[in-house]
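Shared chain: chain A. Partners: chain B in the first complex, chain C in the second.
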Partner chain A sequence: MSQMHVLLIDDEDDIREVAALSLQAIGGWKVSTANGGQAGIALACAARPDVIVLDVMMPDVDGPTTLRRLQADARTRGIPVIFLTAKAQSADLRGFARLGAAGTLTKPFDPMTLTDQITTILTREG
Partner chain B sequence: MIITLGEIVRWIVYGLRRGYYRLARWLLRGDRLLWRSERKFRSLLESAPEAIVIIDAHSHIALVNRQAEQLFGYKRQEIIGQSISDLISERSRAEHRAHMRGYMRDPDARPMGMGPALYGLRKDGSQFPAEISLSPLETDAGLLVSSAIRDITERREIERAKDEFVSVVSHELRTPLTSIRGSLGLLASGALGPLPPKGQRMVEIAVLNTDRLVRLINDILDIERIDSGTIDLHPRPCDGAQLIRRAIQGVEQFADQALVTLAAEGEAVQMYADPDRVHQVLTNLISNAVKFSPASSTVRVRCTRRDSEVLFEVADDGKGIPAGKLAVIFERFGQVDASDSRGKGGTGLGLAICRKIVEHHGGRIWVDSQPGAGSTFSFVLPAQQTNGSPPEPQVAL
Partner chain C sequence: MTQLSAGLQTIFEHHTEDYQRCVATLERAVAAIVAGSLDDDLRAAAQREAHKLAGSLGTFGLPRGSDLARELEQRFALPGRPVQSDGEHLANVVGALRGELDAKLADRHPCPAKRPRRRSARARR
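Presenting the complex of A and B:
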């Protein structure tokens, strides 16, 4: 099986760094990062990652808008998107599911289980 | 002695007169007392700080006070004799009618703040969220119901602002905590290389306390959401025994570490509730029971159908709760010992959240305990959906 490639889109530098390190060190995955929705969409079109982990609240283009644009583009439509968010209320989670996200991970996350959580969501999505 | 017929007639007339005057005096005194009593009642009614509306058994308005006139914008002569529905917003009428039917079957005093807020309707058509208390009044004319009504528009606005504040603060706290928790977790796991033993211990302590802080933020957010009425309840048919099994699964690892056995008892019990929230309550009660149980003991969890309710019980053989603490154990930060939250990793909000969730379902929660003899935490939830809507809360207009 080829190495999993994750695109991580989050405007918080520290969170990007910690999450990327976790995915690389624990999962042995390849990680690309973008610091906002606009940059993330461009990178997704170019790199075609296996999965996109997407922050919800970002200043330039927020997570839901980024997701909609990814879904509207034939090049990125098939890439599963998982929200990574500090908005963890059940109403929020249902809202994310309705948008078409494959799943939601809540902040703070456990770096030791982050790869497992992403794998579980992708397996469930089938 | 010879008594003439005239004298007999005179005595009879005299006796009748005395009787008549006595009767009249008695009646006048009774009337005066009645009048005084009624005046006192009206004075009390008018001096009440809340709007009071008194209705008869047919839901017709019998009496209102000045505050009610001001609140609804009607003169009393305009609404006395009208249906109470005229003061209820269209969106609350069906719910109100259902509650009134239930109340008339079992009329008792129901305090303010425990029931759902209905919407009142003013003469000018404007609406306002209202909180209501009910009291039955037994009178010669039959049962009357006195409702004290409070406009809670302002309080709702404050709650909304508070909720928004808590939500923003929670988000702003979670963001830096994500980096802290992630960094510490990677360090503690050894994924970035080994640490010296003391350094390892310090990082592990930091991880534990970061997790505790995250739980506290989650709990504060949860309880504020419940308090402000923005709790998400999604009741549906579910099986109590299945919920117990699911909750036990989630706590099993923790119980194994504490050398405590978890035992599920009872059979399938169908009920109508929000399974995620009942799971939250059960998880909380079982975790608590494990925390306070001695090693090698058993925590027993069961549910049984009891009339129209489902009873859940979580029993442990722990140190028990002193009688003086039983009343506050479900309050926020109402632990038996404040050091409990530090020593046992709790936030002090778990039982308060449990109580809120159970009460939002229209249920009750309590504890039976004696120091040294263990504790049994119990809660009941309505077993069935009523009138196509969630089970009736305990209090209504």
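Presenting the complex of A and C:
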């Protein structure tokens, strides 16, 4: 099985650093990062990751807009997108699912279990 | 696990000034609430910084810090709030948040008095 490749899109440096460390150290996954929606879309088109972990609230292009643009592009529409958000109320979660997200991870997350959480979502997605 | 723990500590230390700045903004905002002088810019900045702390602190083993920051974020997000009468409660919340961060930083920099003493030359003989 080839190495899993994750693209993390989040404007917060510390969150990107912790998530990348966690996925590399525990999962042995390849991790690419982008600090905003625009940069993330460009990287997704170029690198075609296996999964995208996407922050919801970002100043340039927010998570939902980024997801819609990824879905509109033939190169990226098949890549599962998992939202990463501090907004985890049930209405928010339902809204993210309606947008077509594969799942939602909540901040703060546990670096020890992040890999497992992503794997569980992707397995459920089939 | 050791590699991950060490890496998390390094990342936390690298961003400590950011977290301190966020708490300082929240302290300024609460002081402005108490004084009845909170403006929209400071309220928005406080909401933004509280959101950042809510998402980050728990990741570094400070779940209570995230909970306190989330309460502040929600208070600053309410239309027309917070008002002057909220000041005392919010001052307590921000004080507790500051305490959580300071305790974590104290772990990072143990008090010199608690460090193991070097054995004296006489004791080594």
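Methods note: the second predicted complex is superposed on the first by the 126 of 126 C-alpha atoms of A that agree within 3 Å, B and C clash if a C-alpha of one lies under 4 Å from a C-alpha of the other, contacts with A are read in each partner's own complex, and residues count from 1 in each chain.
Basically, contacts are C-beta pairs under 8 Å (C-beta built on N, C-alpha and C of every residue); 3 or more make two chains touch, one makes a residue touch a chain.
Since the model is a prediction, treat every value here as computed from it, not as a measurement.
J.: Do chain B and chain C fit side by side on chain A after the overlay, or clash?
T.: With chain A as the common anchor, chain B and chain C collide in the superposed model.
J.: After superposition on the shared chain, which partner residues are touched by A:Ala42: those of chain B (first), chain C (second), both, or neither?
T.: A:Ala42: touches no partner chain.
J.: Output check: A:Met57 vs chain B and chain C. Expected answer is one of first, second, both, neither. What do you get?
T.: both
J.: Comparing chain C with chain B, which touches more residues belonging to chain A?
T.: B
J.: Identify the partner contact of A:Ala72: answer first if only chain B is touched, second if only chain C is, both if each is, neither if none is.
T.: In the superposed model, A:Ala72 contacts neither chain B nor chain C.
J.: Mind working out whether A:Met112 is in touch with chain B, chain C, both or neither, as first, second, both or neither?
T.: After superposing on A, A:Met112 lies in contact with both chain B and chain C.
J.: Should A:Val18 be classified as contacting the first partner (chain B), the second (chain C), both, or neither?
T.: A:Val18: touches chain B and chain C.
J.: Can you tell which stretch of chain B collides with chain C among 77-85, 131-139 or 167-175?
T.: That would be 167-175, the one stretch with clashes.
J.: Once the two structures are fitted together, what part of chain A is touched by chain B and by chain C alike?
T.: 12, 14-15, 17-18, 21-22, 25-26, 57, 86, 107-112
J.: Can you tell me which positions in chain B touch chain A when the two form their complex?
T.: Per the touch definition, chain B meets chain A at residues 167, 170-171, 174-183, 185-186, 189, 191-192, 210, 214, 218, 221, 225, 232, 276.
J.: Using the touch rule from the top, collect the residues of chain A that touch chain B in their complex.
T.: Residues in contact with chain B: 12, 14-15, 17-19, 21-22, 25-26, 57, 86-91, 107-112.
J.: Contact residues on chain A for chain C in the complex?
T.: 12-15, 17-18, 21-22, 25-26, 57, 86, 107-112
J.: Which chain C residues qualify as touching chain A in the complex?
T.: Against chain A, chain C makes touches at 1, 3-4, 7-8, 11-12, 14-15, 18, 51-52, 54-60, 63, 66, 70, 73.
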